[in-house]
Amino acid sequence: MLLGPALAISALLFSIGVLGVLIRRNAIVLFMCVELMLNAVNLTFVALSRFHGVGGQLMVFFVMAVAAAEAAVGLAIILAVFRHTTSVDLKTNTLLQG
Amino acid sequence: MADTIFMALGTIAVLSALFCVFQRNALAAAIWLVLTMLALAGMFLILGAPFIAAIQVLVYTGAIMVLFIFVIMLLNLGDAASDIRGPGVKAIALVLAVGTGAYLLRLAGYDPARLAFELTGTTDLSPAAVFATAEVARQAAETQGVVGAVAGPLFSTYLVPFEVTSLLLLAAIIGAVVLAKRKI
Amino acid sequence: MSPIDTTSPLGVTLALLPEVVLSLTALGVLLVNAWRHETAADSRLAGWLSLAGVGASLVALAWLAGTASDTAGIPQMVALDGFRYVGNCIFLLAAAATILLSLDYLEREEIRGPEYYTLILLATAGMMLLGGANDLIMVFLGLEVMSVAAYVLAAYDRRSPFSAEAGLKYFLIGAFASGFLLYGIALVYGSTGTTNLVMAGTFFETGELSVMAALGLCLLLIGFLFKVSVVPFHMWAPDVYDGAPTPVTGLMATGIKAAGFLALTRLLFVTFPANAELWQPVLGILAILTMVAGNLMALAQRTVKRMLAYSSVAHAGYILAAVWSGTRLGAGAVLAYLLAYSLTSLAAFGLLGALGRGGERDLTADDLAGLARARPWTAAAFSVVLLSLLGFPGTFGFIGKWMILSSLVVAGQWLIPVVLVLASAVSAGYYLPVIMAMYMKPAPAGAGDAPRLPRATVVVVAVIVAALLVIGVWPAPLLSGTLNVASSLFERAFQ
Amino acid sequence: MADMLNLIGYQGWVVPVLLLLPVAGALLVVAAPAPRARSIALAVSLAEFLVSAGLWWSFVPEGGMQFAASIPWMPQWGIAYRVGIDGISLFMVLLTTLTMPLCVLGSWNYITQRERGFYALLLVLLSGILGVFISLDLFLFYVFWEVMLIPMYFLIGIWGGSNRLYASIKFFIYTMVGSLLMLVAILVTAWMVGAATGVLSFSYDHILANASAVGGRAPWLFAAFALAFAIKVPIFPFHTWLPDAHVEAPTAGSVILAGVLLKMGTYGFLRFAIPFFPDVAFSPAVTTIAVVLAVVGIIYGALVAMVQPDIKKLVAYSSVSHLGFVMLGIWAATLQSVQGALMVMINHGLSTGALFFLIGMLYERRHTRDIAAFGGIARVVPVFSLIFTLVSLSSIGLPGLNGFVGEFLVLLGSFGRFPWATGIATTGVIFAAAYLLWALQRIIFNKLDKPENESLTDLTPRELAVLAPLLAGIVWLGLYPAPVLRRMEPTSRQFVESVQHAIPQGAQAVAAPVNEGHP
Amino acid sequence: MYVSADLIWLAVALPLAGFLVNGALALWRPDAKAAVSVVGPAVLLGSFAVVALIFRSYALAGLATPHVVHLWTWLPAGALTVELSFLVDRLSLVMLMVVTGVGSLIHLFSVGYMRSDPGYARYFAYLNLFVVFMLVLVLGSSLPVLFIGWEGVGLCSYLLIGFWYGDKANADAGKKAFLVNRIGDFGFMVAMFLIWVALGSLNFLEVAELAPRYLAAGGTLVTMITLFLFLGCAGKSAQIPLYVWLPDAMAGPTPVSALIHAATMVTAGVYLVARTNILFAMAPLSSTVVAGIGALTALFAATIGLRQYDIKKVLAYSTVSQLGYMFLAVGTGAYVAGVFHLVTHAFFKALLFLGAGSVIHSMHHAYHATHSHEDAQDMRNMGGLRRAMPWTFVLMLIATLAIAGIPPFAGFFSKDEILAAAFARGAEIPAFRLFWLFGVVAAALTAFYMARLMAMTFFGENRTGAEERKHLHEAPAIMTVPLVVLGVLSAAGGLLNLPALFGGDAKLEHWLDPVLEGAHHYFPLEMPHGQTEFVLIGLAILIAVGGLVVGWRVTMSRPILPASQAAPEAGFWKVLYHKYYVDEFYEAAIVGPLRRLSERVLWKGVDQGIIDRGGVEGSAGLARTLGWIGTRLQTGQVGLYLTVFLVGALGIFFVVMG
């Protein structure tokens, strides 16, 4: 009943998200890759909810709320950083180090 | 049939995710991500979660991704130079991601029977028997409608988390406002 | 009083009364700020209101604890046991201290926006939900409430590029880690059909984990270990602690870290107690790594603030070692050490913030030279705080370390204790120079008067220092208290 | 005298008073105006000494603990405030309380800054040291052991010499590394004993009686205890903190450090490390290591002392040498050697204390500790020179003065067990004479060729008052140590007998004449 | 009047009181010379009186058993109980008489000799203290108590050698004396430990009783005990290889040389061997070593004495040489001969030193009067003094004859007895024949250098200087009177133990018999009789006379130039003049390397280098470096942070999942 494939696709998507996070420097794109990871997890939830009941779906619902909240705050922070450095490139945002 | 479509959607999702990750242009990456999300919505549908599929389209693609694209365009990053790291980093990242994937892909070996076995510790029960509650939920969806099936538990069992979500959104709103407002 | 009926909406509300009170206060403060958000006085008003809210929440907490509604082991969203109450107590104390320390700090740094206090309250509410969560959904949501507020707080000083960068780093890595945590939740859900910690625990009692559950455990560990800044998931911590406004750093190092640890402890002790042989190696190795790396890197720091940031990483290692033990004593040690470390750290960051006069990010030990002569009481207090961080006998910090060591020794472990004490000895290498500068070096020529501590800071520091000393000398009540509380984690409902 | 003391219930209150009086005094000092600090400190420390002096009469020379008390502290863990005094701790306590008023008096004019802090710390230190010597609970012991670091750290760091920061932190961390490992060992021991007996307790007696419960862990535990004590003693090669700490510390600090603090290490061996794990301590390997290190310390300390250009460093290294004798005596574990070790501990406190006072007095006048800066001053400061010579001779171990008594008993008692090591150790008496006489010559003899030295003033009455008790002790213990030896004998005998079973057969000391088969 | 031996403590207490009074005066009233002049010698005379009375009572009562005077318990430690008690027996009484008697004379002499010294009071304090310790040494009833005196006299010797400490050479000499003695003390202590281990007692009487029961005669243990004991004696009594301090000790005031470094302290080693005679007797090997070292020292030191110009140095080497004779005696088993020579030597050597002191005193005054800086002790600056100082000359001549072994002076009898004993022992142990030969040659050399000394000092032309010559004159009466007394003793001392051959009754021999009973049992000595005895005596006289004549002739055959004009030594004379370069050898082979080892290797290398910089600061530095490397990883790059994060994540996967 598509459990294996769904979990596999979810794992793939999650790994791709991780890959994206690792290779991107643009804060916004990086954040997008995180969103991809969250989406991948959502797929797992949905696939599992076919067996365990509606809880999984509700979880996805909450994840979306969280994603929205994070997006709002995250993009605001990115904007704030941009105001200081006119760049969202993480390579240039290294004031704090050591 | 559904399986074939599911696999096709899955392929689209993975491919567009890859495009998203490797697309140099931020805006294009965002568009590819939207495609992934849409494919996911389709898969949710096939997996019997129409409500989730719907809000996937509405909230994710409709709201969140739009916000992303809005910000990208606001900051005029659409035609910025590539932000992908160098080949060395890429190689390391690939190794790490593949490693992670290798562990996670062990989940691919799951089917309902195995899940049922692992849950009960016995092969005597059929998956259908083990996952009876899911069947109940499916029937509830048929009687109460897709929204109703989700809404019921949301306002009973999951009331507290639901309320907490409000706190979360409140915090996010305050945060976004505080950080974004021009006057300090 | 009769126990609370957690099946009714009223009962649920009562069971969450401290959180509810705090959230309502947050809303109230927000409303007040809607028309009073211009002047410094407005900001102070918000602060005092928030403090009142924290106080009210504490009262509610006391009431809740007093109703004998200890329903430990019963599957519900938020636990009703001593472990949660003590945790909440830590968070509320941290919040109260942070608010008091912020009053003058914000004014001095000209950080505008009374929403600051609302966010602190919301973050605290998130901590309380996380620390008391008995369900993975609550874990996730509590964590996110806390984190989202913390992201904003880290970036709150909008004139400071450091603050913004701190916020960005915290946010990006935090969101990334959330992904792992969430995946872990999904897999635990998948392998048990439930997200409730207690009920999930019943599936793992055999001691063998399916692939899915094991992966879930890994992913959950990753998510939590990030939050409590354990090596190698710690790299954000120094930067963020460094860049964030100092009172916020204090809150992050104490409340947020405590919340993470309490949730982790509960998860491991309630859900995975039978699988200790899987997670103990992880925790053991990482505890050692964290203690060693944290202390070594703190040794290489120039500024006090960054040094404290790294030392906070090191302390996470100590606490992780206590979690490792997986025993009642270990859980008690976690509580005791968290309390000790939170108090001490709050005082440290408070003093740092007050002494820095705006440049505290750049404050080095030598900038404190001669403080003992100019401000003897401040120097003495700072010394006590540092000695407590060092784990010196006679202070609360020592009692905490003593409990951790005991929990490890009882569990038959000797390597981690040895590493722990050696790492502590290394830590003397960076705590002592601060004391040394204050007492043994003359004030640099041309330096102005050392700043006088604001009254609120004095209160916070004095209370904390007194507590550190009193508990350090007479720890018996604390010991029995934490041990009793810790036992609530071990009363399983379905046995 | 003992009856009179009993009449006032002396035995009941003496220990708590000894512990609390200095702390109260410290508070008083802090509260008082700065110029008053030294008088108050003197009064308090004198009172402390007078209180402790009663122990001399009240103490009954027999085995076991006296003046014992136990008050629960952390009952869940079996931790209590347990104290007591026996023949070993008695003299450590008396030495400490004797030294302290002298330190206060010796710092009278030397300390001109932050007097209140200085004297308060001295008094706190007094409490801490006494606590170490009278604790009969391992937790309590550890707390005192560590707590006493802090005042010492500040004493060196604030009122020390030019390189004081380095010295103080080195002292602190060095000591701490050892003691923290000891903390782990204490915990493991207590828990294992607790697990075996079903009674969790940090009581000394309880652990001593059941220490065999640690089984195969004993070597590790012993090593941890031993490291802590070895650093404190200090045994070569853990001694390098000592020269720095000694040199930089103010006079009072050096005196306490040498006079009392170092004894905490040897005391630890006698009280804890060896009685708990006699089988490990007297195993061939450990015995070899301990004895070799002791002998190396004796010779090495003396040789290095010989070439020091700085008087304080010289004395510091001489401490390494002297404490080597103590270690040797402890490990020989014969009645004579153990009593000798205890005597060396006392004597070293007296003579090295006096030496540091003398050096401090010289330093106050000339602000240098460089041996080369002096020469021929016997002509201008005859009294000083006389006392300096006498104290040096005591340190050299001239028979008739105290130093000889201890060294002689140690060597005599050890010879039967370790003839070679003792033989080599005995050469230490040559080197001791070499470094001290050479220093003596360069300081008070030779030509008076530095004009600065011609105007030196001789000792003042206050300085004489500081030295007089020490000199009295030096002569008294040299000529008539019997009362002291008799008081420590039962406890020493107990120690020796309790560890005798662990000493391999054939290696036991010769107690009766050996018959070589003469007809 | 019968005086109980219990009062012997008084003999010690009197000088002690003198020390305290004089010490106090030295510190606070250094100018009160009159008081010092009274107190200093008076306490000694008192002490002598006490000793003499006890001796008389003892002798009259014919007591043979030792008498122990218990003062207090010194070191009680289990089985070990060292009492602080005095042992009065025939041996110690003889020594007491010498010490207090000669000591009194020298104290008197010092009143004149040291009067003008600013450290007069200090001097007498030291001297009194010395006598205290010397008496403790002699009286100690056990090895540790004896050791108090043993080290105490060493201390006083140290203080008195360095009495004029303003001159570095003097302070050096004092230190050297103490250190070399300490090497001996090391042996002494080890011997005590061995005795304790073997016998469980350190008390002389108990040792004498237990040793035959528990020690095998000729066994390893007793041999080791005695060899170590002898090491102690060699240090104190300046035998090879530890003799080097004694010549340097002449840096002290001359009466000190007479008292400490000739008459009393340096003979302590001989006394100790006599005291523990039973042990040595049980160890023939050790006895042979003792005798061999003694004989070698006697010869060796005598050769050096041949080419010294400093009058005191000549006498110093002579002392070393004579001490060698004493050890030859006790090593041979002729304990009485050893003690006898000890006593006669105390008389004539004290006389020689005091005479030399008188000469130096005079020379010094002469140079002082003309503000000249010539060496007042160099014999090349003297000559013809017999005219200016007739008393001194005559008395020194007596002493010279005594030491050279011309009958009937004291030295002849004692020396002859030693040589005869060595010869006799040779029948049993052939090595002793060689030792005897050494002794004979040394006797010839002794006569030679004494003749040289007398010739250079008192005969020929005066070389002091034209102006100075006028200031040379005899010493005051306070100095000459003791000389006269000593002269009488040197001349007649032989009567003490006049052998039967000369019609005597060997008083000393019989007197000491009870003390030496055990030794005679284990190490019996058959003295030569009849023809052999006559031949030996004849040979001895011949050699003594021959030596004197040759010495005289050789010295007077060439003109002697004052020290300032003398040519440097050459050839073997140079080697002798530089005392075989032994000091230089010790410095280069032992002292220097040890100091360099300590400074460069141990202190700077091991301590500061390996332990401190390597171990301590090394580990601190390592921690710091590791921390620094760690912080270098902390680049501020989020990408890196995430990478490390993921590495950790994979690690966790690996640990949990395998």
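By letter and in written order, the chains are A, B, C, D and E; residue numbering begins at 1 in each of them.
In the analysis below, contacts are C-beta pairs under 8 Å (C-beta built on N, C-alpha and C of every residue); 3 or more make two chains touch, one makes a residue touch a chain.
The structure displayed is predicted, hence computed values, not measured ones.
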{"item": "Minimum number of chain-to-chain contact steps, chain A to chain D", "value": "2"}
{"item": "Chains touching both chain A and chain B", "value": "C, E"}
{"item": "Contact-richer chain pair (by C-beta pairs counted) among A-C and A-E", "value": "A-C"}
{"item": "Most widely separated chain from chain E, with each centre as the mean of CA atoms", "value": "B"}
{"item": "Most centrally placed chain, judged by C-alpha centres", "value": "D"}
{"item": "Distance from the mean Cα position of chain C to that of chain B, given in whole angstrom", "value": "31"}
{"item": "Centre distance in Å when chain D and chain E are each reduced to the mean of their C-alpha atoms", "value": "37"}
{"item": "Mean-CA-position distance for chain D and chain C (Å)", "value": "44"}
{"item": "Interchain centroid distance [CA atoms averaged], chain C/chain E, Å", "value": "79"}
{"item": "Multi-chain contact residues (two or more partners), chain A", "value": "14, 17-18, 21-22, 25, 30-31, 44, 51-53, 55, 58, 62, 66, 69-70, 73, 76-78, 80, 90, 93-98"}
{"item": "Numbers and ranges of chain E residues touching at least 2 other chains", "value": "620, 631, 634, 636, 638-639, 642-643, 646-647, 649, 653, 657"}
{"item": "Where chain D touches two or more other chains at once, by residue number", "value": "173"}
{"item": "Touching pairs - complete list by chain label", "value": "A-B, A-C, A-E, B-C, B-E, C-D, C-E, D-E"}
{"item": "List of chain C residues in touch with chain E within their complex", "value": "168-169, 172-173, 176-177, 180, 211, 214-215, 217-218, 221-222, 225-226, 231-233, 235-236, 238-239, 278-279, 281-282, 285-286, 293, 295-301, 426, 429"}
{"item": "Residue ranges of chain C touching chain D (in the complex, touch as defined)", "value": "373, 387, 392-394, 398, 402, 405-406, 409-410, 414, 417-418, 421-422, 424-425, 428-429, 432-433, 436, 439-441, 474-476, 479-480, 483"}
{"item": "Contacting residues of chain E [partner chain C, same complex]", "value": "620, 623-624, 626-628, 630-631, 633-634, 636, 638, 640-642, 644-645, 647-649, 651-653, 655-657"}
{"item": "Sites on chain D touched by chain C in the complex", "value": "72-77, 114, 142-143, 146-147, 150, 153-154, 157-158, 164-165, 168-169, 172-173, 176-177, 180-181, 183-184, 187-188, 191, 220"}
{"item": "Residue numbers on chain A that touch chain E, as the complex places them", "value": "18, 21-22, 25, 30, 90-91, 93-98"}
